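What follows is a set of notes on a single structure, which appears directly below.
Chain naming follows the written order as A, B, C, D and E, and within any one chain the residues start at number 1.
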Amino acid sequence: MTLYAFYFLSFLAVLGALMVVFSRNPVTSVIFLVMTFFTIACHYMLLNAQFLAAVHIIVYAGAIMVLFLYVIMLLNLNDAVEQQKTLLLKVAAVVTGGLLMIVLSAALRTAEVTYVDTSVVGSASSLGKVLLSEYLLPFEAVSLLLLAAMTGAIMLARTRRRKAEDAEGGNAVPESEQTESVAYEQ
Amino acid sequence: MVGHESLWIIPLLPLAGFIAISLLNKRLGRSTVSVLAPGVVLAAFLLSVGVFIRLLSDPNMFLSTAGFTWFGSGTLSVSFSLLADRLSVLMMLIITGVGFLIHVYSTGYMHGDEGYNRYFAYLNLFIFFMLVLVMGSNYLLMFVGWEGVGLCSYLLIGFWFKNQDYNDAANKAFIMNRIGDLGMILGIILIFAHFGSIGYEQVFTAAALQESQPIITWIAILLFIGAIGKSAQIPLFTWLPDAMAGPTPVSALIHAATMVTAGVYMIARSHILYSLSPLALEIVAVTGVATALMAATIALRQNDIKKVLAYSTVSQLGLMFVAMGTGAYATGMFHMMTHAFFKALLFLAAGSVIHAMSGEQDIRRMGGLARHLPITWLTFLMGTLAISGIPPLSGFFSKDEILANAFAVNTWLWAAAAFASLLTVFYMFRLLFLTFKGQPRMGEEVKNHLHESPRSMTIPLILLAALSVAGGWINIPEVFGGGHAFNDYLAPVFADSQRLMATHHLSHATELMLMGIVVGVTVLIIVWAYRIYIALGRVPERDESTLRGMARLFNRKYFVDELYDALIVRPLYMFSQLLHDVIDRSLVDRLVNGAGVLVRWLSDVFRKVQTGNTGFYVFVMAAAVVLLITLKMLVL
Amino acid sequence: MNSSLMQNGLVLEHYVVLSIVLFATGVMGVLFRRNAIIIFMCIELMLNAVNLLLVAFATFYGDSAGQVFVFFIMAVAAAEVAVGLAILTALYSKLKTTDIDILSKLKW
Amino acid sequence: MTLTLLIFWPLVAAIVVMMLKGQYARGFASLAAFAELAISLWIVSEFQTDASFQFEVNVPWISSLGIRYHAGLDGISLLLVLLTTGLTPFIVLASDKERTRSFYALMLLMEMALVGVFTALDGFLFYVFWELALIPIYIICLRWGAANSGVITLKFFIYTLAGSLLMLVALIYVYFQTTAPHTFDIQALYEAARGLPGAHQSMIFWALFVAFAIKMPLFPFHTWQPDTYHAAPSQGTMLLSGIMLKMGVYGLIRWLIPLVPHGVQAEGTTALILAVIGVVFASCIAIVQKDLKRLVAYSSMAHVSLIAAGVLTLDRIGIQGAMIQMISHGVVVVALFYVIDIIQTRLSTQDMSNLGAIRLEAPVFATVFMIVLLGSIALPLTSGFVGEFMLINSLFRFDTWLGVFGGLTMILSAVYMLRSYQATVLGEKREAAGLFSDLTMRERSVLFPLAVMVLALGIFPAPVLKVSEAAVDSMVTILQQYYTMR
Amino acid sequence: MIAVYIISGLGILSLVAEIANLKRWLLPVAVAGLLAAAGLAAGDWNTSQGYYHDMLRFDNQALAFSIIIALTGLLWFLMSGRYLREGTDVSDHTALIMFSLVGAVFMVSYHNMVMLFLGIEILSVSLYVLAGSRVRDILSGEAAIKYLIMGSFATGFLLLGIALIYGSTGSFNLTGIGEAMASGGGRFPVYAYAGVLLMLVGLAFKLSAVPFHFWAPDVYQGSPLVVTGFMLTVVKAAAIGAFYRLFSLSFSQVSPHWLDVVQGITILTLVVGNVTAVLQQNVKRLFAYSGIAHAGYLLIAIVAPGSNGASTIGYYVAAYVVATLAAFAVLQCVSDDDHPAVIRSFNGLGSRNPFLAFVMTVSLLSLAGIPPLAGFFGKYLVFFGAIGEGHIGLVLTAVAASLVGVYYYFQLIIAMYFRPAADPPAAVPRGQVVLMVVLTALTLLFGIFVEALLWE
């Protein structure tokens, strides 16, 4: 039973992934990616990692994908026709991806069949214990990472805004810089 | 007999003269130089006489100095020390004696030349090196003198350095000598390798105890190559006629009397090595006779007064080598000595002629000079008679002995040598007649300036003429009841060889007969020459291109210069150019630069791979991963 | 140990293969597309494949560490996406495109 | 301590020169160089002529890698140190007044590196000095060289660097063969390398030989040389040819032959043949050169090839000949290049076809030139002869034909040197040629001592030979023992 | 460990400084803080302490690299003070640099894969932003986006590798992994081996080793000058530190499974890095390739660490960092981000400003590996180790490659001293003079006191 669920979910996950790649419309890609994420969350459930599954949905579907959608909407990309690669490059991409799959699968083939025991898995509390004891430092480090990302994103946005303001203000930017920025835009 | 440090004074005197003149060049007046330069040589001569007298007392006596170690390493040790035995003192006497006379002569001849001081400096330096050559106590010192005189010869041939032809002649002389010198130095190295020493004493003592063996032949041949170069034998003789570019006294001193005979001296010095090697002796003799013939034939058709004498010198040197090659070392030395007298005389007299003719050297523009230059004429006549072997002049005795020895060894050798010496008679008298007799053929202006040379020049002429006449009398053969004094004098020197060589003894009758034939034919030739050049008044054509056959061959010196030019000089330059253009620049250097070009090319390729396209970069990364996993996990 | 695991029949190797397939699909996507946003999405796909693999291994070993690692990956993914999209929007305001193949001024 | 002073005094002086005002630079630099000469002469006076290393200093530098600051002098080193300290003052004196102070500082740096190379007894130290010598000369050639010197000097630099890196690899390899704890000490390296099997020794031989051959340079590693000599300023050329190429020969004697005797035995003949080819090759090419500097460059190559050939015969006469010939060649070639420099500055050309009749106006110059030239063509009683005789001697006894070919240099050197003399000094004055004033006092102060050295070395070479005799003897003896044991 | 706190604190402080208007004090505080961090790290020498359940372990190797990173950061601040001050977002920049320094310290002191991963990401995320910080410059944006895409892509491989290794060994701890590897690769050896290769790919990317180097030239060229300087020094130091740490602590037992690969990558890196640099005209790009090339030399030390690989790498990195910073300090004086330096820009620098030319020459000579400068000893130590382990072929390749290196470094020297000056004399700010003197002196002194800089 579980095995069939596994196969079904796997099928959906792979299908979703392929659709992400091959969809022309970015929004469609996003939808399929969300689908894949859901199937992966289901896999987590299968593996008895309920808490992780929940977090996964929240973070990926709830946050990251929304961000993607937001940017797509913001930049109005959903109806922009994306330049396609040439057929040759596409074939090369598919071949490379396929080869990577085949090669890795072949390389990672083990002689034995190993079953996964789902009984001894950490719940939210067990995970929390590990996370806040053994993995306390990385936990804090992630805060640094997020802080850095935040700072960076803000810095980029702020600089751009300031530049835009300068452009409006006119005389705030020296003549030479203005001409240069024009030159770069060409 | 070590410890005669006073020997040093003899070579050092002329060296001091050289140093004084060259350092004080501008500050020394001509008159000072005129005294100083001949003075030191005269002093050296007098000291040599002193040595000579000391050596006369004891046949086996020799003097040597302790000297100092020049250089050395391991078993090689070269000492800088001098040695005087009967052989070297003979040479010293000739060098300083004739040298002195020529110095005196030069004070007149070079009068008015702007390089007067320089000239005498070189001349003194030459005397120094020549003395080192003959007085050195080992082969390397001989080599020092050997190359040193070569240098002086180079400097003096190119004395008038503004003339590039003269410079070319000087270069030619030096380089040809160097070819011989290479042989000589290799010979010396072989001596060192074989005997473990290069000192005369050690080598000769050791050699005297040895059997004949190939290595000694090689030594003898290599040394002889040196002699070929220095004494202008086939195939290295062409520099000597060109060397006439130098001032005439130089030709007399260096290219007739002393330096060119160094080869003869060298063989006399190394006689034991040659005596041990019959093959080497044969080579010496054959080379000598061939050179004698060749040079004599060439001389027949030369029209430059000095060139004729130069070829004559080559020819006479050939005769000396014939003597050496027949093992008659003393005879060779004897001829060397008489030749020094009469050839120096002839050159100086020729110089006197040139001096009078305002530099003209072509005998076709001379004639009838006997009236204007009586002393020169007479002395030149003496010289000519001497070289022609007219008894009882010096040349007769020396040449006769050579022929006699040659006859004893090989009749053909004798025939060739005799023929060469008869040719000598012809071209010498041709020269004499064309120069001094017949109708004057020079221009009026030259004719009006004709004058006998100053005293400083004529006195040496007279003295040398006297020596040319009387020089042979010290070695009057037994046939004429003489004591063979000269041979006896040198006998101790060659004693070791004497034991090794089979003694050829001609009966007096044969000897007399040979003499008779040669002298008889000589007289006939003189008459013939007189007939052609005086009675018939035949003067050689101005246009030499009309000459045909043998005459052309002789006139153009067998085309040897052209041959060398085509076979050696040009190919060498072409080969060098080829090495430079093809091997050096195009091959080796291009290989080296090719590495750079390759790197730049690769750089360009690698650079272009960096397309700036992120998709491509990612693709390469993914492909690399695939490749990596495949190779590492699946294949290997 | 094996016998007790037979019950639910989940095979570790299956997860490995699934992860690899998802990962390879992500890689393919990165190679296949020119739109930077899609490429980011494909990279998310790759990271998720790794997540799945980690969870499978964590379950196999009964070790929470693997699952904890997944948290960190998620956090990093979020941060990367945030920064990435920030850069992208910044660039978009100049270029009016998210096509990465146009960005090839830096080369050679 | 004395030795440390000897090595590092030029460095101190170089720093001082950099601080001086420009116009005092040459004066101080030459004073410093003469001071260095004085130090080296003092060392000579204290030197015992035996085979031992004297004035040794030996302190740790990088002890975890077995690297020490270990330097000392035996006769072989001392001679080359003397050559360096003896020539540098004259090269400094020979420089134009206009040169900036960094020029003199670089020269002094160069002197330091050279003295270091000749005294280092630690493989690593040797290497460091070896490379160090390259930098100043590179900069000198680059900055004060001809218009096209950029590419040429870079080629020179990379080429020599290639060789020396090979040498470094070989030295490190040998280092690891020493008994633990590994060390770069020369004796330890000797022992370690001598114990290696033949094939390894051969590899090491070639790695080191190529390094040294490039430096000298030997055929076919020479192509950097004529261009570099030509492009470099004359002082650079003097340093390069007078002293620097001796580094290669010194390397052969100190760091190659005793290190891998078996390798030398197996491969030395090939190397020797290359050297002899080089003699003839370079001499022939010198004949057809039109540019004086190139001519002397090739002649220098011919001479050094002969030196290398003599060393490779492993004969004590050959090695001693090489020693004296190195000194002689240094003196002669520095003088020759200075002569060319004088011609160049007077007449702005060094092409022989544009020259002639200098003697008319400058007899002193012509005479000095002649003396130096005679030294170059190895006339007896000049410095060149003794060495050349000993070299040809060893070569001829090693192999007859090699000796004959090597001996051709006697003839060929006469051909090209006399040709150059005739073309520049003799003959009729060309109309185009400018006035050639005779030597100035400064030029005399350089050329006269050099000319005197040419003659003095030719007449009294024994003291010089004596210095290195014991060291060479002991080296040859050790070699022979090694061969008989093997 | 205190160093990590201090640097993190400095990062947060600089964000606070923006609000509290303390910007004027920011740079001095940053410099002092980094100095303190380095000093404190030095104080922990020989303690080899693990922190937070062995997440980080400050053994000597980690300490040495931490010190190098902190000091490099310090020197970098001295170099780019002007750039930071002139932009208004000094606090953002400082914060990001500080964070990336923290990431770098994690990378060289991690004892758990998590910390490696987080260290790399903290470093990278900060740098993605810094690379793109010249928003008005498209090239800067291009650099950022390229860096980001390829960096994340490479992270994917790194993570897959970590996951596979975890799958086989059941551990993220380096010691645990090392033990499992030693006992035959853990539960599923093939996973472990594949994991090693994939991690190798991920780290090779960070190190910009060929063929994972493509991002480097473009990103380095497009980024602001000072950021390029930072990436070339700190990132390179951190990457090789991480690389060495992982492969020496965890993977050394399975070296047959990666050694030949690293060798191949090394050779490729040496050749491609050096050769491609030959024709570069843009100096930043030239240094990018030079950076790739130096990664190649550093990789030799991974292949053949010898008895003391960590200190070899440490020394090499220190020498490299000092020389590169000096070069960038000069570069900053002769060019700016709007007028990127090309080789021509250096024409006649020898006469325009002899001091700058001298500094540049020394640093270039050091980079080229000419004795007695620090760079030479770095190369020497690397070759030394390799020859000791018999990798002669590798060393000969490196030798040939460094000859090519001489060629392109000397192009600059030739330009400085030989080509006629076109531009007016270059001015040097006083603070920079001190920095350059210090850097040049370090380059010289490192060469003399090699011993003092090596540790067991």
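The definition used in the following text is that contacts are C-beta pairs under 8 Å (C-beta built on N, C-alpha and C of every residue); 3 or more make two chains touch, one makes a residue touch a chain.
Here the structure is a predicted model, which means the values were calculated and not measured.
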(message) Considering only chains that satisfy the touch condition with subunit B, which of them also satisfy it with subunit E?
(response) A, C, D
(message) Quick check for the class: compute each chain's Cα centroid; which one is farthest from the centroid of subunit C?
(response) B
(message) By raw count of C-beta pairs in contact, what's the busiest chain pair here?
(response) A-C
(request) Give me the ID of the chain with the smallest distance between its Cα centroid and the all-protein Cα centroid. (result) D
(request) Could you tell me which chain lies farthest from subunit A when each chain's centre is the average position of its Cα atoms? (result) B
(message) Distance between subunit B and subunit C based on Cα centroids, please, to the nearest Å.
(response) 98
(request) State, to the nearest whole Å, the distance from the C-alpha centre of subunit A to the C-alpha centre of subunit E. (result) 28
(request) Please compute the C-alpha centroid of subunit C, do the same for subunit D, then give the distance between them in whole Å. (result) 66
(message) What's the distance between the Cα centroids of subunit A and subunit D, rounded to whole Å?
(response) 68
(request) Hunt down the residues of subunit C that sit against at least two other chains at once, touch-wise. (result) 16, 23, 26-27, 30-31, 34, 40, 56, 60, 65, 68, 72, 76, 79-80, 83, 86-88, 90, 94, 100-101, 103-107
(message) I need the residues of subunit D touching at least two other chains; which ones are they?
(response) none
(request) Could you check subunit A for residues that touch two or more other chains and list them? (result) 85, 89, 92-93, 96-97, 100, 104, 107-110, 114, 134-135, 138, 142, 145, 148-149, 152-153, 156, 160, 185
(request) All pairs of touching chains, please: list them by chain label. (result) A-B, A-C, A-E, B-C, B-D, B-E, C-E, D-E
(message) Under the definition above, what is the set of subunit D residues touching subunit B in their complex?
(response) 155, 159, 219-220, 222-224, 281, 284-285, 287-289, 316-317, 320-321, 324, 357, 359-360, 367, 374, 379-381, 385-386, 389-390, 392-393, 396-397, 403-404, 407-408, 410-411, 414-415, 418-419, 422, 425-428, 459, 461-462, 465, 469, 472-473
(message) Taking the touch rule as given, give the residues of subunit A at its contact with subunit E in the complex, in rising order.
(response) 104, 107-110, 114, 133-138, 141-142, 144-145, 147-149, 151-156, 158-160, 162-163, 177, 180-181, 184-185
(request) Report the residues of subunit C in contact with subunit B in the complex, numbered from low to high. (result) 27, 30-31, 34, 100-101, 103-108
(message) Give the list of subunit A residues in touch with subunit B in this complex.
(response) 85, 89, 92-93, 96-97, 99-100, 103-104, 106-107
(message) Taking the touch rule as given, give the residues of subunit E at its contact with subunit A in the complex, in rising order.
(response) 8, 11-12, 15, 51-53, 55-56, 88-89, 92-93, 95-96, 99-100, 102-103, 106, 112, 114-115, 118-119, 121-122, 125-126, 128-130, 132-133, 135-139, 164, 188, 190-191, 194, 338
